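Shared chain: chain A. Partners: chain B in the first complex, chain C in the second.
For the complex of A and B:
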């Protein structure tokens, strides 16, 4: 076909103009809403405002699935006793697609139309869209990402996951058990989830005496081909490959690329969601020793004294039965564990009103975190003591199965190395008073 | 030196699948005058053909890829018949219809396969070493297939009766029609080929990416940059721009980082638009 033969019908100027306009329209349109709500009745409604679609859905949808199990179990036992009255719990889901504007719409809808008493979020890039509404309405919110916390948001709690601070436990364990590994490289997606995690890993590596071979490599979240990223990371033959807090959609191809490009060293990552599928794409030998932070809940170590999550092995079995074991992700249990805290606090307060539940939850400065009693903490890092911080598990893949190797204390690490953490958080602009 | 070779190998792979997608997009635009915003979703659909046939139903990988090409090509024909033909005299209408269609395709895939990434095990874990660089056979498939398909397309357009009809329609549809060439038939053919190329790119790369119903978004942005750099409507330009963009993006990613690579890719497009507004191989607009 001749070079000019195809140029007709639409002028170049019109093509460029309409393409740009349509791109903007497409972005604004989004990809639709997904909602889950359940029958009305003598109930209290809880909002679930998280990504249920898109690349971050692995940290939203499995959490809602876990909450449905939690609600079925609690409701089957008569519900939550609040002020002498039993209430069933209903979850009202809203898919924010990890978009701040959609999160704002969802929060408004959940509060004004659905009358929810508490809203659980993943947080991160979506929290800025909701922050003003939380302040105005006094609604109690939870986030999985305590980097959302600030003194301006007194009704926002991080009662379960203390991302990314717990990542220090994995590095600390690695340094103690494999002291010969001395050099590391790291990559992360360039967003509000990746950056604080990079700062945390940098602090943890420095505390452990592990040298970074290069600056952390940030990649665009729209990346689909990870070969160049991995080629750069492996160029210096590092002892440790750190995948930071990459989304599952990135961890899988990154691991596959590391495998294909012949990497034989240690991998450490915040998550390894659906790790069985990574093993299928690589090999059990390649994934042996992979360190991350999220256990399968059929792990017998979770039955030890001090773990507060109710019936973890049974929860995992029910989850696997309903959705398949391979669908288990880092967040499958987290939102359910937050509901344990909420239900206890509402019972103590004798009220489901947000202010009363918040006061009861923080009454004595401690709380029953899933992995043990923990403290409400965070002033130095987040400007407010609204993160529940205690022990966190270190998980290693052994024989193709995630295995808890240890529970490590985050506050103990903090007491020794907090200057390093603050230094790296500040350098990346991730302290609470630096965030816009 | 190994790093340079490895980066060159990575870039060659990226250029291969980008060229397939961009040439398909140019084909549709050239013959039908439609800006097909659903082109990224046709790529996604090809990937899901492999998710279904190869990963779930255990058909041979190459059979699944061939099925992806044909199935997505047929989807293209449906698009032509139901959307683009009735809106033939309204190019903006075709564009808006394609945006609607992409949302329909995404939703259908979500219904069929769920929202999360599809899992496609590699069809082979074989690899070849070239000057110290590793080229996996899975990536080699993509490179070889792209060369063969683009060569076959070139031969088809230059040597066959249908190819000449396509070129004639692209040059001047009214004159072609007066010569007895069916506009409907050529549009159908262009849509089948254009969609099929996107579909086969998706199918071939499915084991190398994490297919999700939304993967088309990032693909279409890259494809538009490439065809603008190459010259809107130029097949040769699309191929050369795909190679240029892939090499620039891959080398910058490797030696700087991915975010800078995106900025450089967009800067490349802007530079071309400033220096040569019609693109590298585009012709000037006619009065």
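For the complex of A and C:
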């Protein structure tokens, strides 16, 4: 054997050794990821079935991180009292990659193999893969996207985020506080998340007397070059640029493009996940006044009476300490707030069984939503009263920081303008009885 | 020549024995798996058909970026026929395959005016047009949300037999049967004169044309046959998961098919099958079992890089390489021509 080939062999061996060591390290690191909170004694398992990787991971992974904190806090206090017995909570995660087939596999694993009592999902494209399992197994599921709700799925709840209906609060606040802004343009990814949100913004703009300069611009979710999208949007020099409910992967480049193309008007969006990074890519001046719907939980306004989320400022501080403040996203607190509801209902029911928890949760037609007491609502829009609807915050970036400007009532808007909402939802085929 | 005849008989018997053992293992497999792993096995079997049908197209030398969309054509057609026209699911699956084949036949006119890289881009564009149609026309395609509550494969209920195809183990056997028959047909096509012509077009298309082979017709034939089986795979998928949407058939999914084919190797019939099986087991079972859910893309990427660096001819070349190594160790001359091209 030549010396050269020997060296090559040794080098390869070293390489393989290093790879194996890296693999072992990753294994050790990863073992903590899917089962995120271990507990001794009596334990109840909760499933977390959401995208943890891929383009939609920003609306899954931060939620699981938030649940980690929730479980650590609850378990440290002795767990959840159910029927006179304290139970620790253990989350079991499954990455569904925002794919219906993988969501189906994940749901069966969580129910049949892990024995979870409740499953939290992002919903959207993944729910149809799970729907039949939910019906067959009678498992209680939650979604962040109430457009998944339908009369067929009685065990599916939208107990936290009534997306996209709360977007009306941002537009309403904008119209009241900046009445000189009269024209708007809008873009959204052409998918199940983008379309109902577009219908909502169209209704909200119409209710507020804001004129759309052009039809909403739908771009393909595979889009990576947003320069032409933004050029088309800004062609008419609109007062308001609406980014609808775009994923973080789109909001960031869209803002960059608006900045680079010299836009100086008002921006409104459903989310501004990781907005500090947008400010880094643009400027604090450019982002000043940006309106969206998801507060940082260090906001003092969250300590006001009526807000039900437990210790929001401490929760945010802990989140920032563990994962970094810039990792805070729209969903970081949402799944944890759903767990508050679930724990209350399980305690009331004296049982963690899905049917008992569901009954207790909806017993008096109201629930303790994160932002205040809310009603179980939705028949007119979703065909079933399984969405918890109440107040929602309007958030504005001021001095480089998200600041709650107001809490607005969604039901109050609905009572005045529901015809507009139903009109636009119907036009885009988004009513529950129009879907697939 | 009796010696050669005996050798042939032995080889054939050994081949049949291997086949029997393979089917025995595949029959036993679901009973060794957990419930959720059975679900993965169903999807794996469907993907085996998808990637094997893709290989048939690559035999002519053309790599398409639209094969997953063609699978989607089968899925949408089968779902719509069953859901809205009340066509029995087994028949709707076949019609889904036929629609996929018909779509491929239509697309072949513009696409086979191109070759190589241009064909690749053209197939991507054609696929995107189809996906945009699904998104644009909410009626009947369901728009971006797609179709849900698709009729499942009908349960079998007789006095003594009850088969519920919601159960993954039952659907696994159904999919296995459909895919086995499909693979047999694909294998026979490849070994036939038509298959040899596909190879000839791949390696020497000008020469093939000079001896009278109509390369357009044969390329179209490969595209149509491959698309038919991709459509069948789509039907199997739609009636199992119960939902389809345009994102499920995006170019992101196509990348997976390419990766399975490249990592497995396309020189042999079993190469892509090896690719999809090994990578799916690693990605969906091993890494998840290790609790590496969020690290999977990183590790998957690492595996791909290693595979390309150390197995440039795909996993299918691993066997011959190991055999050659074994023979070298024993001082035997290595068998020539075993390594796939």
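Going forward, the second predicted complex is superposed on the first by the 395 of 436 C-alpha atoms of A that agree within 3 Å, B and C clash if a C-alpha of one lies under 4 Å from a C-alpha of the other, contacts with A are read in each partner's own complex, and residues count from 1 in each chain.
Criterion: contacts are C-beta pairs under 8 Å (C-beta built on N, C-alpha and C of every residue); 3 or more make two chains touch, one makes a residue touch a chain.
On a predicted model such as this, the values are computed, not experimentally measured, just so you know.
Asker: Is A:52 contacted by the first partner chain B, the second partner chain C, both or neither?
Answerer: Once the two structures are laid over each other on A, A:52 reaches both partners.
Asker: Can A:84 be said to touch chain B (first), chain C (second), both, or neither?
Answerer: Once the two structures are laid over each other on A, A:84 reaches no partner at all.
Asker: Touch test for A:112: chain B only (first), chain C only (second), both, or neither?
Answerer: In the superposed model, A:112 contacts chain C only, not chain B.
Asker: Look at A:399 in the shared chain and tell me whether it touches chain B only, chain C only, both, or neither; answer first, second, both or neither.
Answerer: A:399 contacts neither chain B nor chain C.
Asker: Between chain B (first) and chain C (second), which, if any, makes contact with A:249: first, second, both or neither?
Answerer: In the superposition, A:249 touches chain B alone.
Asker: Look at A:209 in the shared chain and tell me whether it touches chain B only, chain C only, both, or neither; answer first, second, both or neither.
Answerer: neither
Asker: Comparing chain C with chain B, which touches more residues belonging to chain A?
Answerer: B
Asker: Between chain B and chain C, whom does A:61 touch in the aligned arrangement: first, second, both, or neither?
Answerer: both
Asker: Just chain B (first), just chain C (second), both, or neither: which does A:131 touch?
Answerer: So A:131 only meets chain C here.
Asker: Determine, under the contact definition given at the top, whether A:222 touches first (chain B), second (chain C), both, or neither.
Answerer: A:222: touches chain B and chain C.
Asker: For chain A, which residues belong to both interfaces, chain B and chain C?
Answerer: 19, 23, 26, 29, 31-32, 34, 52-54, 61, 190, 220, 222
Asker: Taking the complex as given, what residues does chain A use to touch chain C?
Answerer: Its residues touching chain C are 19, 23, 26-27, 29-35, 52-54, 61, 93-95, 98-101, 104-106, 108-109, 112-113, 125, 128-129, 131-132, 136, 152, 190-192, 194-195, 220-222, 429, 434-436.
Asker: Enumerate the contact residues on chain B facing chain A in the complex.
Answerer: Listed in rising order, the residues are 3, 6-7, 10-11, 13-14, 26, 29-33, 35, 37, 91-92, 95-96, 99, 102-103, 106-107, 110, 115-117, 119, 121-122, 125, 127, 134, 136, 139, 157, 166-167, 170-173, 208-210, 212-215, 217-219, 221, 224, 228, 231-237, 249-251, 253-255, 257-259, 261-262, 273, 277-279, 281-283, 285.
Asker: Help me check something: in the complex, which residues belonging to chain A touch chain B?
Answerer: The contact residues of chain A facing chain B are 1-16, 18-19, 22-23, 25-26, 29, 31-32, 34, 52-55, 57-58, 61, 190, 217-220, 222-225, 227-229, 231-232, 235, 248-250, 252-253, 256, 260-262, 274, 277, 280-281.
Asker: With touch defined as at the start, can you tell me which chain C residues reach chain A in the complex?
Answerer: 34-36, 39-40, 43, 128, 132, 135, 138-139, 142-149, 152, 166, 168, 237, 240-243, 245, 247-248, 250-252, 284, 288, 290-299, 302, 306
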